[in-house]
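We call the chains A, B and C, going by the order they appear; numbering starts again at 1 in every chain.
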Amino acid sequence: MKRRRRLWGTTAAVVVIALLINVPWLNAILVSVKPTGDIARGGLFFAFSPTLDHYANALGMAGYPFPRYFLNSVLIALGSVALVLLIGIPGTYAAIRLGLGGRWVMNTASGLRLLPAIFFAVPYFLLIANIGLLDSVLGLIFANTFLNLPLGIILLSAALKDVPVEVEEAAWIDGAGIYRGLVAVVVPLIAPTLVAVSVLVFIFSWNDYLFALVLASYDAMPITLGAANFVTSTGIRWGDISAATVLSTLPPVLFAVFAQRFLVSGLSAGAVKG
Amino acid sequence: MKKQVLAVIGAAALAIGGAGCSPSTPGAAGASGDGTGLIRVVLWPGPEGDAMADVVDQYNSGQGKTDGVEVQMTLLSRQDTFSKEATLMAAKSSEQDIYFVASYNVGQFAASLTPLNSVDASHYFPAAIEGLQYQGEQYALPLDVSNHFLLYRKDLIDSLLSDSAQQAMYKTISAKVLGTVRAPKPADQWDLDDFKAMSAYFSKTENPDSPTQYGTILQSKNLLYNVMLWDDVLWGLGGSWTDADNKAALDTPEAQQAVQFYADIYTKKWASPDSAQAEFPETQAAIKSGSVAFALQWSAGFAELNDPAQSPDVAGKIAIAGMPGGKTHVHALAIALNKYSRNQAAATKFLSYLAQPAAMDIYAKSGGIPAMPQVLSDNQGINPVFAEVANSIDKYGYAEPVFPKSFDAYSQLAEDLSGAWVGSTPVADACATANKNLEALLAS
Amino acid sequence: MAVRSQASRARWVLISPLLVFAAVFVAYPVFQGVQTSFFGLTLQNPSAPWVGLANYAHLFASQTFGGAARFTILFAVLVTTVEVVLGFGLAVLVNRQFPGKRVVFSCLLLPIMIAPALLGIMFRLLLNGDIGLVPALLGKVGLTVSLFAPGSVIPLIVGLDIVQWTSFTFLVIYSGLQSFPPDLLEAAQVDCAGAWRTLTAIILPIMSPVIFAAAFLRLIDALRTFDVIYVLTGGGPGTMTTTLSIYVYKTAFTSGDFGVASAASTVILLVLIPFVPFVVRRIARPEGRAK
């Protein structure tokens, strides 16, 4: 009984923290259902006449093709996650566990993440233009993979370092080769990290603004850039941009909820023990 | 669980594959092109973008068919438009055919633009057309004009003017603020001293009976557009960026006075403390919520404040007057032809269409403020600002000096002066730094 | 054993996608960027003459660049420290079964799911003195501080960064905790008296690579902080809140001076890079693993 109460205490404590750090988002929800006139009357003015106009605007009534912006963002984010994992897992494994480059790869990856993204604005524009991928989703996938690969490599290195060599060697003795050992033994062991990397890469790609600004202008425009259309020359359309912000957080939330099952299940902890 | 991981990877791989199908930028042939085909125009969202969208629609379904030209608009947010264009220009890109520019940055962008000397520019305000000339060439065509007004609560000022108790209070406060007793005046007769005394009168710190919390809000964020507003005070006090010899003139008594004007009002709490990070939207919010009695604001702000749907508390109570210093910055937002466009002939057809009053008439009816006197007077019924704009540009308008680094200079002055506007750096130091930096920018 | 000989070939196969990607999408842009720093590429002069070290000389003469560097480093170190401590505490708190965990967990990640560029605008709305919720609530309890006044703006942006990014350190540390034997943690939590000792003697040492990774990843991103500050203050009042990224952005896009902007980025890279191997050694030390 006492233990049970303490568990509810944990829930309460975490809920309070979650509420605190989500005040901007909760406020966005609040503002997104207030009529424009009421927004102007102040943060605490509630007439209880909620409206869905801002959501209608954020979904296309304002004349911007928001459904396409959403689709672009989803494709860019998923594509970047896949590329980061496909390049990062084998590459980091070879570097950390098979002794190819090791720290050098890590150093380079970390060093790259230090540069202000603006450094790459013009070079990337030229590069992507030269390979004919300007204003295309694929071009933005490459750009976001570039931005997030260092993060993936650093996290994967920290995780791979913790996989006991014995587990790997046992697999090799059982007759598995390097590739099967990697896929069947090592990858499941670092699953929580893979999930964390996927979630983070998804979020960071979803949230990218600068590269989207530079590389997309029409066909490949993602939601972040699209939402900024509500920042106009005569002020900010607070209700519309709040609605767009709320909507734009839903796909990453769904992705995180889906991925979280692997994170919370603690399956790797069991695997390490066994 | 492995299956699910594979499913995720599979879905993502599909996403990559699918993404490859997206079309990339359509290329056009040749530098001048054959005069037909798709052209792309950059604009920013807001009244200018909305109005232009209507013009583009009508062009595409009418004249464009005859010309064989189709126009596509790219909208970027206000703060990003010039950044994107700068990247495209630095990369000598042909992606966009027509750029969105303004009189304050046409000098900076000129190297990447093709002059438009062949387009008929006779219908525009001469001041607007001249502001877009650089080294003797016409680099852009005006679309929209922007200048500043004093937007004020007519109900509050009228009440002050008609009530002797309030007038007595005003006289007491003006004596304290200015050292001399002043009687309240209608807003269109204010000078900068009246503005200051009124700010104090409408602030709870000076006047507990004030109907508003603060007199005004000053746009003091470190932002280049805020320099344009402050320039009105500088010019109003007889100053300028440069002296007769074209040397920097910000280390002058006039410039110090102009900075001190902001600093006094801010540090004495006659302006909202949020002024330190305020720009256009914050000013609108302050007026709308009724927390200030008046503000110096851009012409584009007025329509929204008198719209009951958007400003229920103050709609119908806001009036417009000329700037209290008697001077207003004027700039034109404009469109220009990309030097690297591969379809300049087609783009020029569209630009020539825009230079005609018929096109700007659509533009005005769709919410823009076109830079053509005839179109403004034909459409006076639509927007009360139209008459004021024409009047104030003729009578009170001035333009800051144009030089290759003038866009940079606005940004530099915002950086050097914004601290002093809100009293966090000494006025004399800020002016000296600004002067030194402006001198360097003028020389380069 | 056969696997060993296979390994020498397999590792090249495994690393080849990374190498190809690096050659095309990393080496070329970095080369291009560094090269630009030696040219006078400005919007006013797109023909870009060779200027040698002139861009670098310009930088070192610039007070703004030095001030931005100081502010950025102080800001990044401060927020990283606070966020790692809070993120660790939160990870330990959440690392147990409790009712509603799944829902609450997703909520804890929400702040990093809002694009920073949009979050900046949301903060601008939330904190606005006239239409914002926070000043209105503060006003209700009798507090009339202006969050945007020059005296409070730095604490404000530090606080906002913590609100935004603690989720990130939490997620990294929490996922690290998952590969940690659960019995050990439970023992630590049940026995309250020994909790502190368990934490410092067992959990922290084993967790240190993950904590380091979280701190390092957060730090290198904090050193690039841009969006929220740029949207809220534009780097002001004056240059009070100008970060290096804001400096580089303004140099490139407002001044149109891509040469100086590239030089600034290159200097940042050169100054920070000596610290990288030191940190990397702590995160990925293949030989340092307890057997």
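Here is the rule we go by: a residue touches a chain if its C-beta (ideal position, glycine included) is under 8 Å from a C-beta of that chain, and two chains touch if they have at least 3 such contacts.
All values reported here derive from a predicted model rather than from experimental measurement.
**Q** What are the mutual neighbours of chain B and chain C in this structure?
**A** Looking at chain C and chain B together, the chains touching each of them are A.
**Q** Taking each chain's centre as the mean of its CA atoms, which one is most distant from chain A?
**A** B
**Q** In whole angstrom, how far does the Cα centroid of chain A sit from the Cα centroid of chain B?
**A** 36
**Q** Could you put a whole-Å number on the gap between the CA centroids of chain A and chain C?
**A** 14
**Q** Could you list the positions in chain B whose residues touch two or more of the other chains?
**A** Counting only residues that touch two or more other chains, chain B contributes 83, 87, 90, 281, 285, 288-289.
**Q** Return the residues of chain A touching two or more other chains; collapse runs of consecutive numbers into ranges.
**A** 40-42, 86, 121-122, 126, 228, 231, 236
**Q** Quick check: what residues of chain C touch more than one other chain, meaning two or more?
**A** Residues 124, 128, 130-131, 249, 252-253, 258 of chain C each touch two or more of the other chains.
**Q** Tell me, which parts of chain A touch chain C in their complex?
**A** Touching chain C: residues 7-8, 10-11, 13-15, 17-18, 20-25, 27-28, 30-31, 39-44, 86-88, 90-91, 93-103, 105-108, 110-124, 126-127, 142-143, 145-146, 149, 151, 154-155, 157-162, 164-166, 172, 177-179, 181-182, 189-190, 192-193, 195-196, 199-200, 203, 206-210, 224, 227-228, 231, 236, 238, 241-242, 244-245, 248-249, 252-253, 256-257, 260, 263-264, 266, 268-269, 272-273 of chain A.
**Q** For the complex, give me every residue of chain A touching chain B.
**A** Going by the criterion above, the answer is residues 35-38, 40-42, 63-64, 74-76, 78-79, 81-83, 85-86, 121-122, 125-126, 129, 132-139, 141, 187-188, 191, 194, 198, 213-214, 217-220, 225, 228-236, 259, 262, 265, 267.
**Q** Taking the complex as given, what residues does chain C use to touch chain B?
**A** 41, 43-46, 64, 124, 128-131, 146-151, 153, 232-240, 242, 249-250, 252-258
**Q** For chain C, which residues count as touching chain A in their complex?
**A** Residues 1, 3, 6-7, 10-15, 17-19, 21-22, 24-26, 28-30, 32-33, 36, 90, 93-94, 96-102, 104-119, 121-126, 128, 130-137, 140, 163-164, 166-168, 171-172, 174-176, 178-182, 209-210, 212-213, 216-217, 220-221, 223-224, 226-227, 244-245, 248-249, 252-253, 258, 261-262, 264-266, 268-269, 272-273, 276-277, 279-281, 283-286, 288-289, 291 of chain C touch chain A in their complex.
**Q** Mind listing the chain B positions that touch chain C in their complex?
**A** Contacts found on chain B: 82-83, 86-87, 89-90, 92, 107-112, 220-224, 272-274, 276-278, 281-282, 285-286, 288-289, 291, 404-405, 407-408, 411, 414-416, 418-425, 430.
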